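Two complexes come next, and they have one chain in common, chain A, joined by chain B in the first and chain C in the second.
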Partner chain A sequence: MSTGAAAAVRRWSPPPLIRSPWLRRGLQLGAIAYLALALGSVEVNWARLIDGLDRGWQFLRAFAPPDFVSRRGEIAEGLAESLVMTVTSTVIGIAISVPIGLGAARNVAPLPVYLVCRGIVAASRTLQEVIVAILFVAMVGFGPLAGMLTLSFATIGFLAKLLAEDIEDTDPAQLEAVRATGASWAQIVNYAVQPQVMPRLIGLSLYRFDINFRESAVIGIVGAGGIGATLNTAFDRYEYDTAAAILVSIIAIVMVAEYLSGVIRRRVQ
Partner chain B sequence: MAAPADGLLRLERLAKRYPTGDEALRGVDLVVPAGQVMALIGPSGAGKSTLIRCVNRLVEPTGGRVFLDGGEVTGLGAGALRRARRRMGMIFQEFALVERLTVMENVLSGRLGYVGFWPSWLRRFPASAVEAAFRILERVGLTEYVDKRADELSGGQRQRVGIARALVQEPQLLLVDEPTASLDPKTSRQIMRLICELCEERRLAAIINIHDVVLAQLFAQRVVGLRQGLTVYDGPPEGLTPEVLTTIYGEEDWSRTIRGQEEGGDEGGTLDEERMAGLR
Partner chain C sequence: MPVQVAAGVKRWQRRERGRQLAIWLGWLAGTAVFVACWQVIAESTIWTFVWDAPQQGADLLGRMVPPRWAYLPRLWRPLWDTINIATLGTVLALGLAIPVAFLAARNTTPSVTLMRPLALFVIVSSRSINSLIWALLLVSIIGPGLLAGIVAIALRSIGFIAKLLYEAIEEIDRAPVEAVTATGASRAQVVAYGIVPQVMPAFVGISVFRWDINIRESTVLGLVGAGGIGLQLQASVNVLAWNQVTTIFILIFATVLASEWVSARVRHAVI
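Moving on to the complex of A and B:
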């Protein structure tokens, strides 16, 4: 044993992710080559870029200082409309998402229900808000109703999917224990599933509230009402200072909502 | 065992084959008379957990029949099965309490089979159920913890809540799955003692899955050994000789596991203490 000092030092390194050295090197080289070619294929017109820098600067300067005053009526109205859209669509979205989320969780829903609910979630997630908004504007006309419908629809895809995943991650032992008492399905959901997913559901709902408010500004541009419509009008009139005021207001509201939701989320943990 | 053929619980050729092809149970016949505390021992994977879950059909048996108090449990429809489950209380290895609910809500969840959805949703249980829950919490010594959340309790306290939840069902039979596996040796004994005392007080039968042969010998009136889905021993705790343990678990030096007769101590004496010291 005392001769151990003379023995060769044993080396160890973690096994590589891909065993074959040829494949590993090949993939690394391939990735680098593709990246280089891809970057090379994007044409950069340097003269145009330098020109553009100046134009961009002019554009930004037109924003300053933000003008909250001359269109304050429209801004207030737009913000109020956006908030109404956000609140209603979040509430409606949650109300629809909870049953769909339950249906899309494999551990509490039978297979046919699961497939239908996953289908609804997938449909809601594949369609981007702006496209949905255009569709609803065509269906119900310009204004906040189209916005509310769009955001409710988008909320389902987001909330139902994440809720379903959280339900699938619940501790099965707790479900089993409540089932063993002779509880019905609804009672199992109420006693074993709900306590486990409630904090996350609240957190996700508040987060979705933030998202819906920001989205309400985007979909307004395609005619779905709210502050987005006001913003669009400001750009159309070249009133960049008013547009800046609107953007600042949106940022401020999002930050306040973010802060409040953080406080609430900490409380429910 | 000369149990009456119409014991409280009767299993006939009970079998379970999982979709993966694992044969967890290969035709188990078992009769448990009312009021008997039976320990079910056997190596991991012998089918102990599957067996007790087939009794209340948390796991659906693929063959054989289960009778509780003369009525067949296998083949019951959803509603009748829920009513049958009320008569079988279950106690779990990792306690399986709903962590974010209070102690009282966890105990009252034992009454879910007796009340409709709306009263349970509003937590408006009948006064008799609430009274029963308070009485049981008193019995297991958790009166001050009624409104604490389950995740604030220690392991031993949690298992007491688990026991209270099973008992508030007013069952005839307890299905107990490794009640001491997450507990220290001292708490393990206290919990086993509590379960056995309660069984005696209320004349409950119990099937207790347990890894710990010494605890099984100390507390059970009857021991059943399961190996690869078949019963290989059924008899009194004193009958667990090294040969029998070898049949159940396979070759090993069992001399230190078996309660030393010559010691004469009522809880196994020194051998047992050595074993406890060596745990974990």
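Moving on to the complex of A and C:
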């Protein structure tokens, strides 16, 4: 709290977020210098931008109403392929994530196993889905199989990490109680760990289902099947009304999935 | 507790028979759906390509290693562009997300019936569309280049930032707000002195977290023409220069690790 010099006029100003004035001024100056440099390096082609505004307007108009009809076969096929990829990759991803998640939890896994599993999780989390998709497409060819493999791989990083953290947060008293009865490792996992993490595992799996559907719309752009390929084609043909229809379908499906997963999560927790 | 009596011996069971049957049927249905989905994928796959995937993978690895380090000097400019896309996109998103968050939070929204659903709709549509799709759209509207990338990142981030921020606003302590109101403060003053100081740490944390994610996402935006290092990636994949691709991957990997470290440090400092 700083008090003004004149005793008659007392002024109060809120305490700053960063207390050290040197750090504060330094950060402010640095931010301004960076913004100037960065904005200077962005080249904007104004003529192209003004040309594009017309297209942007066309695109916005295409939403009223979007054209579901003229390419309905392709849209339905793309959506079906995306959903199929989502279902299989979520199931396979969960099946692989559970053992890896157990291995990545320090309280149930020995150190060597822990390190290997954490390594797998880190690799899966740092590699972008799109980059993984490029590699899988190069290996197994175009189509939904590459997409399924990509999404399964991405699911491992997400699910195994959160599951491992949840296992590490479990109540140690129950583990100890089950261990005291002379239970084997498998029995400890089944009777002490599983009941504690199950609701959260179900919630996370549903959430990941959601994410996998959204991602399946993206990896199609690099040839891994699904609605993304259809969307890419629609943009390439400047068929904005079809593109609008696809976007509306994606948003609708994501909203429905989010609502349903919310309902199911509330029932299990 | 359900107990079955068989041959005069009581056997404890976990569930009633009907419930057990329902669970069993659920598993059966789930398995059937999975198998059906797998069939669809298997049908649209050319299996000869898959069977030689190990060979292809080994071949790919042979071409990727060793990375072509001579390509590195040509990547610094695209990398700078990538970081700019992520940072400027995040800054733009912050500017747009703050009003949306205040409109969406139940305790600050001017009208629960009109403005709140509108703000929530903005958040949901921004969140359901990936930045790569936004980029695809923007490249065809405003042309290829950095600007399309920045706007794509910003549009995708609005939903994320606004959602987390409005949840933080809804969780604030009511007492300071009431205290500031009791002094006769105007609405703007209540927000500035009662609410903002409470959500500021969360806000900084969310922004840095999103910036970290945006660095990752902006590395691939170039694939659809929105500038940055992805353009180089696309060019190298197209000419099958896999040793250049490896160099790009390593650079992306290092950048992502660095941004993750910065974001973790900043979040640790404020929270």
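The rule is short, and it goes like this: the second predicted complex is superposed on the first by the 207 of 269 C-alpha atoms of A that agree within 3 Å, B and C clash if a C-alpha of one lies under 4 Å from a C-alpha of the other, contacts with A are read in each partner's own complex, and residues count from 1 in each chain.
Note that a residue touches a chain if its C-beta (ideal position, glycine included) is under 8 Å from a C-beta of that chain, and two chains touch if they have at least 3 such contacts.
The structure displayed is predicted, hence computed values, not measured ones.
A.B. asks: When the two structures are overlaid on chain A, which partner does A:Ala177 contact: first (chain B), second (chain C), both, or neither?
C.D. replies: A:Ala177: touches chain B, not chain C.
A.B. asks: Is A:Ile250 touching anything from chain B or chain C once the two structures are fitted on A? First, second, both or neither.
C.D. replies: second
A.B. asks: Have a look at where A:Phe63 lands relative to chain B and chain C in the superposition and call it first, second, both or neither.
C.D. replies: So A:Phe63 meets neither chain B nor chain C here.
A.B. asks: Where does A:Ala186 make contact in the superposed view: on chain B (first), on chain C (second), on both, or on neither?
C.D. replies: In the superposition, A:Ala186 contacts chain B only.
A.B. asks: Which partner chains sit in contact with A:Gln196 here, chain B, chain C, both or neither? Use first/second/both/neither.
C.D. replies: first
A.B. asks: Among the partners chain B and chain C, which is in contact with a greater number of residues of chain A?
C.D. replies: Per-residue touch count on chain A favours C.
A.B. asks: Touching chain C in the complex: which residues of chain A?
C.D. replies: Chain A residues touching chain C: 14, 17, 34-35, 38-39, 41-45, 48-49, 51-53, 55-56, 59, 80-81, 83-85, 87-88, 91, 126, 128, 130-131, 134-135, 138-141, 143-145, 148, 214-215, 217-218, 221-222, 225, 228, 231-232, 235, 238, 243, 247, 250-251, 254-255.
A.B. asks: Give the list of chain A residues in touch with chain B in this complex.
C.D. replies: Interface residues on chain A, with respect to chain B: 171, 173-174, 176-184, 186-187, 190-192, 195-196, 198-199.
A.B. asks: Any idea which chain B residues touch chain A in the complex?
C.D. replies: Against chain A, the touching part of chain B is residues 56, 58, 82-86, 88-90, 92, 94, 96-101, 105, 109-114, 117, 120-121, 162, 165, 169, 175.
A.B. asks: Can you list the residues on chain C that touch chain A in the complex?
C.D. replies: Going by the criterion above, the answer is residues 33-34, 37-38, 40-41, 44-46, 49-50, 53, 56-57, 60, 80-81, 84, 87-88, 91, 124-125, 128-130, 132-133, 136-137, 140-143, 145-147, 150, 193, 197, 200, 204, 216-217, 219-220, 223-224, 233, 237, 249, 252-253, 256-257.
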